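First, the structure itself, so that you have it in front of you.
Lettered A, B, C and D in written order, each chain numbered from 1.
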Amino acid sequence: MSTLTQLTVLGLANGAVLALVALGFVVIYKATGVVNFAQGELLMVGAYLVAAFLGVPGLHWVLALVLAALAAATLGIAIQVLVLRWLVGRGAVSVIMITIGLAACLRSAVQLIWGTVGQDMPANLPGTAVQFRGLGLPNAIVLPSTQLWAVVLAAAALVAFAVFFQCSRQGLAMRVVAEDQQVAMLMGISVRWVFALAWALAAVSALVGGLLVANISGVSIDLADFGLLVFPVVILGGLESIPGTVVGGVVVGLLSAYASGYLQGQVLGLSLGAAHDVLPFVVLVLILLVKPYGLFGQAQIKRM
Amino acid sequence: MLSPTATSIHSFELNTSTLAIGETQLRAADVGLRFGGLQALDGVDLNVRQGDIHAVIGPNGAGKTSLLNCISGFYRPRAGSLEFRNRGRAHDLVHLSVPNIARLGVARSFQNLELFKHMTVLDNLMLGRHSHMRHELLSSLVWLGPARRQEARQRALVEEVIDFLRLQPARHRQVGSLAYGLQKRVELGRALCMQPALLLLDEPLAGMNAEEKDWMVRHILDLNEVARLTVLIIEHDMSVIMDISHRITVLNFGRVIADGNAAGVSAAPAVIDAYLGVVDS
Amino acid sequence: MRRLSAVGLLTLAMAVWSCGNSGGGGGAALAGPPLTVGALFDLSGATADVGTPFASGVRDYWNWKNKHGGVAGGRQVILEWHDYAYQVPQAEQFYSQFVADKAVAIQGYGTADTNALRDKIVADKVPYTSLSYDAALTDPTKFPYNFVPGTSYSDQLEIALNWIVAQSPGHNEVAFFHSNSPFGTSPVADGRKYITDKHLDIGFSTYAMASDPTALTAQVTQAKQTQNAKYVIIQNIPKGGAAVAKNVASLGGGMKLICLNWCTNEVYIKTAGDMSEGTVGIAPWLPVNVAGRDAPALKDPIASLRARGGDVTVEGGLYSQAWLQSSLVAHAIDQAASSGQPTGESIRAAFEKISNFDTGGIAVGNISFSATNHQGLQGAVICVVKDGKWIKLEGKQLP
Amino acid sequence: MLAPGHRVSDRPETAVGRRPLVYLRMGLAVALVAAAPLILHTLGFLGLVREAFWLTVLCQIGIAVIGAVGLNLLTGASGQISLGQGGFLAVGAYTSALLVTRFGVPWPVSMVGAILLTSAVGTFFGLPSLRLSGLYLAIATVASQAIILYLVKNWDAVTHGVGSVVVPRPWLLAIRLDNDLAWYWVIASAAALAVVTATNLMRTGIGRAWIAVRDQEVAAAAVGVRVGAYKLLAFAVSSAYVGLAGALTAQYTGIVTWERFTFDVSVLYLAMIIIGGLGSVSGSVYGATFMIALPAWIQQLGQSVEDTFPVITAKLPAVQLGVFGLVIVVFLIFEPRGLARTRQRINVSFRPWPFRA
């Protein structure tokens, strides 16, 4: 029982982080129609940036985080302005492939600058555990504070983004562009600026995600592998839906938490120890077969 | 301008309808179709006879194209029946898939061109032959032998259609790079290569200049007169329609408001209302 | 078109340049043509964190050796090395390159690749040492050309289990966190057998470490909450060890960490930071701080490092370990040459004659092989992390 | 209006065949492939290149060509993006390897088995294509990659899990295939077979139907093409080629592990056909050659400068990765139709002026 609660809370925490990473993905897709296979790399770069700035002696950590975020945003804008601007109106293959190319470039850059050896995230958030006793449970539930931090920060970030989209002028502009670029242009919104903004936001949200994951696991190239997990999340939520990312994130988070907690041993010689790696993707395929455009996405109708 | 048809189409039959002139080929009865709140078609009856040029006219949004899409299977009517007669059988189009309807001999063109832009004119026309060819994986992999012979056989018919439509110079050009009028002709050609029994044309003259229109009309007439091919045509150019069609059905807001020959239809008050929008009390 | 021809010229230039260079590389042939030794490194793969310092050790050693008279009475050694990124396919490809280039010995790397290649090695008759201390490779009857310089993972695990029993009497729950690879699973079976044979009162559960960090947290939680493990044995590289350490710490500690040899090194402390404090290490090879800078075997490494502005305490015990394993190969070649041509067969024979090869204070003891034993070191020292440094906890232990 | 030349030169029989010039080019290509080892040997003898190394690279290229041709039928011709290539290669490789090691099946038979099974698996994972297209399908194939790789890594009873399957060196008649030269002939002929059959496929009704489905599903259906069936057929045929590539990998390297079939491999193959030219068989050949030879080249460069700057060599893999990424980006921006298009341009610019397009 306590294990169940434990895993549930862990799953929620992971879900929050996943949702955060997926958010960036969805923002890019909504605004620019690009499926970004480099989201995981953005997360990795973000983590390294944070580590780098926190590593600077005598630099206050708040300032360090701000600088890191700025750097990430700049990177995002650069990607849009230098590369993707050229691919407006190209087919899905090209767009997917160019983000894959970018991913390779980012990995390579990180390896060239910071090497391949993992490093510790400087000044991690306090590594204490929070205990919950009572609640009619046999023994206490222990929560890694890193996980709690993850939930809190991820939630805060998600809320912040939501507020941005709903209330700010820029957010409105982005939503208009997502609806209809023609209209947006007619309204005098600079679509190019919105595209760049979308990438900047995605990079920043990935940075926060990177900070949270790296704080749990340390800073290394492997952080980029986190990117593939985004796909089950966004398919569950629908490529276009920002609230969908939260739902998708939580579902996938819980799924893999329970899997890694409960699935052990072998079935027909197939060891289930690593099933948490694959379950989200199984769900992904099932959903695509049953509800092709995700739980929250809508199909586009072609008229002749 | 003298039409080349009579001399060039001989070795291949472009019309595969087995019906005698004047027999009912397509019967639509009480066809209904909704999009959400919009009633696109409402109790539409239609009777197309073998050998006719049958026009469907009406103001924009009257449901003309929807009707065509129901016939060729892209839309599934909510109500009513669609019955197509060929090869001694009556086929219920409502429950057939698009490819299967095409295989029965229903060929069509589209309002806004639906060509394979990255392929040459030849390949587009060869695709018209698709349902008449056998596609075996192994022989295709080998090419030499059956596959090659079949290509050559089918190519012969395609060449005749090319001659008929005067497409020789464009033969090896990418369709996407051709002039609009020419593309329309290629689309007609693709439909002809299917050796149809019933030809559906959705605004074949739209966006054409006078000469191109003239050509297109002649082709349609030749097909109808020489090959006795039944043509169901949607067109806005009233003068042409009144000239060429044996029978006209007028749609408005998804309902049939008139049906008959040119003279009768143009005299019908409902039609005048629909077109001039005059409501007489 | 212009762009094209430009590209063409460039590639052509590259081709010519690379070709022109790739021919050379050999040294002056004094006592005979240079000998080729193959080496696989992981500079960019999953285990790059230990692979990088080890690689620099091997390369520095052979440069130093060539400067100091080479092998076999003055023959130079061409060290043909490749970064195989811990990928078996890469290893396989480079291995065939080594064989094609008539390498007299090969210094391999991982458990997965060494095991994958072991049959080919027998067929090609090329002596093969590697960083895989998989017990399966120490069987001379099956794999006469594989030599395992270190103490096998199985022995290390058994030493760890013994230590646990010694620490706390009564029942102990042990969680074995291993990398999800042949390297990680290598000692599991032997460990289980040891527990039953010796009737140890130990509950032993294994956890194949998840690549996804958040899932790893769930696994550690599982070990702590459900299994109630008091000890966590880590069979992984520093990166993996650090990940476990962080998760344990963030769950409020309460579990004692024990590293087998691949995270008992300076890199682990660097990666895990404060979380590494109190971690116990099973060390067939000693971290520099434990060996002491004045250890005889460190003299030459320190010197050659200083020559290029490096320092051994930065490079760590992996570096000196690399020197020693390489010098072992050089020694075997020398011995083989003293009685004729150094060939695969003769070098293998020479290996099996090695007894009490002096490890100069950087290993648990001296290295001995024989026709019946292909495991060089026996036993291990037990260390612990204190104030960000490895220090000796207990002397030589045997399973 | 009516150009006289056409009726003569385009008589159906010859029109569906190819013109002499093309046969000449094919002949040259064959000659080049046949002479490659000799050329390499001469260069090696002159000490210009490392013969053994480049012979290995040639074999890898041959296998990659087969896989790329297959993927291009799916993604290029029928327009369905697949990022599951690695998984399908794995199915082929493991099938062939396990059939030989566990059931003692002769290796050519094991290859046929691999082709069939891979084709079946590919078709299964193609099912979503009946309802999905474009981006959603691409993501679905990512999932198939993840699922297949999970099975390979964890189904210890069948695949030895994360361990490796060691395949004995096969015999071809009296020759033991234990060296790259022998393998080169086997692989080269297999690759040639793949190229020829794929070319044939693309000039018959099946190829046309695929392109029709890619360009204009609606019209394809309207001319009687059963769209869904042809999408699945594309998956089946493509996967069959991929299965052959996988089986060859297993037999050639003699060691099968999951690492050879990761997501990166799927990406690499997609890069091959995009850089080579989507939908073009010859493009697949160029792309495969380029994407395999380039990193090999960089590696040789790195080793040649190893002694001068040791720093660079440690960074070499990162450099290779970076170049890989840059090549993709640059091609997509400046030559989106790939090397096949580049070659066309060269042909055009070499054609004598009166006939120049």
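We adopt the following convention: a contact is a pair of C-beta atoms (placed from the backbone, for glycine too) under 8 Å apart; a residue touches a chain by one contact, two chains touch by 3 or more.
Note that the structure is predicted; figures quoted are calculated from it, not measured.
Asker: What are the mutual neighbours of chain C and chain D in this structure?
Answerer: A
Asker: So which chain ends up closest to the centre of the protein, judged by Cα positions averaged per chain?
Answerer: Central chain: D.
Asker: How many angstrom lie between the centres of chain B and chain D, each centre taken as the mean Cα position?
Answerer: 42
Asker: Rounded to a whole Å, what is the gap between the Cα centroids of chain B and chain C?
Answerer: 75
Asker: What whole-number Å value describes the gap between the mean CA coordinates of chain A and chain B?
Answerer: Distance between chain centres, rounded to whole Å: 51 Å.
Asker: How many angstrom lie between the centres of chain A and chain C, each centre taken as the mean Cα position?
Answerer: Each chain reduced to its C-alpha mean, chain A and chain C end up 36 Å apart.
Asker: Spell out, as numbers or ranges, the residues of chain A touching 2 or more other chains.
Answerer: Each of 111, 116, 271, 273-274, 277, 304 in chain A touches at least two other chains.
Asker: Would you please write down the residue numbers of chain B that are in contact with two or more other chains?
Answerer: Expected reply: 74, 110, 114.
Asker: What are the residues of chain C that contact at least two other chains?
Answerer: 43-44, 52, 180
Asker: Quick one: which bits of chain B touch chain D in the complex? Just the residue numbers, please.
Answerer: That would be residues 72, 74, 97-99, 102-103, 107-108, 110, 114-119, 123, 126-131, 133, 135, 137, 140-143, 147-148, 150-153, 155-156, 159, 166, 168-169, 171, 190, 194 of chain B.
Asker: Mind pulling up the chain A residues that touch chain C in the complex?
Answerer: Listed in rising order, the residues are 2-3, 6-7, 10-11, 13-14, 17, 111, 115-120, 124, 127-129, 131, 139, 142, 144-147, 213, 216-218, 220, 222-223, 225-226, 229, 253, 256-257, 259-261, 271, 273-274, 276-277.
Asker: Can you name the residues of chain C that touch chain D in the complex?
Answerer: 1, 3-4, 11, 14-15, 17-23, 25, 43-44, 52, 55, 59, 82-83, 85, 87-89, 92-93, 96-97, 100-101, 112, 115-117, 119-120, 180-182, 185
Asker: Applying the document's contact rule, which stretches of chain D touch chain A when the two form their complex?
Answerer: On the chain D side, the touching residues are 75, 81, 83, 127-128, 131-132, 134-136, 138-140, 142-144, 146-147, 150-151, 153-158, 161, 218, 263, 267, 270-271, 274, 278, 315, 317-319, 321-322, 324-329, 332-333, 336.
Asker: Give every residue of chain A touching chain D within the complex, in rising order.
Answerer: Spelled out, the residues of chain A in touch with chain D are 35, 83, 86-87, 90, 92-94, 96-98, 100-109, 111-112, 116, 228, 231-232, 235, 239, 266, 268-275, 277-278, 281-282, 284-285, 288-289, 292-293, 302, 304.
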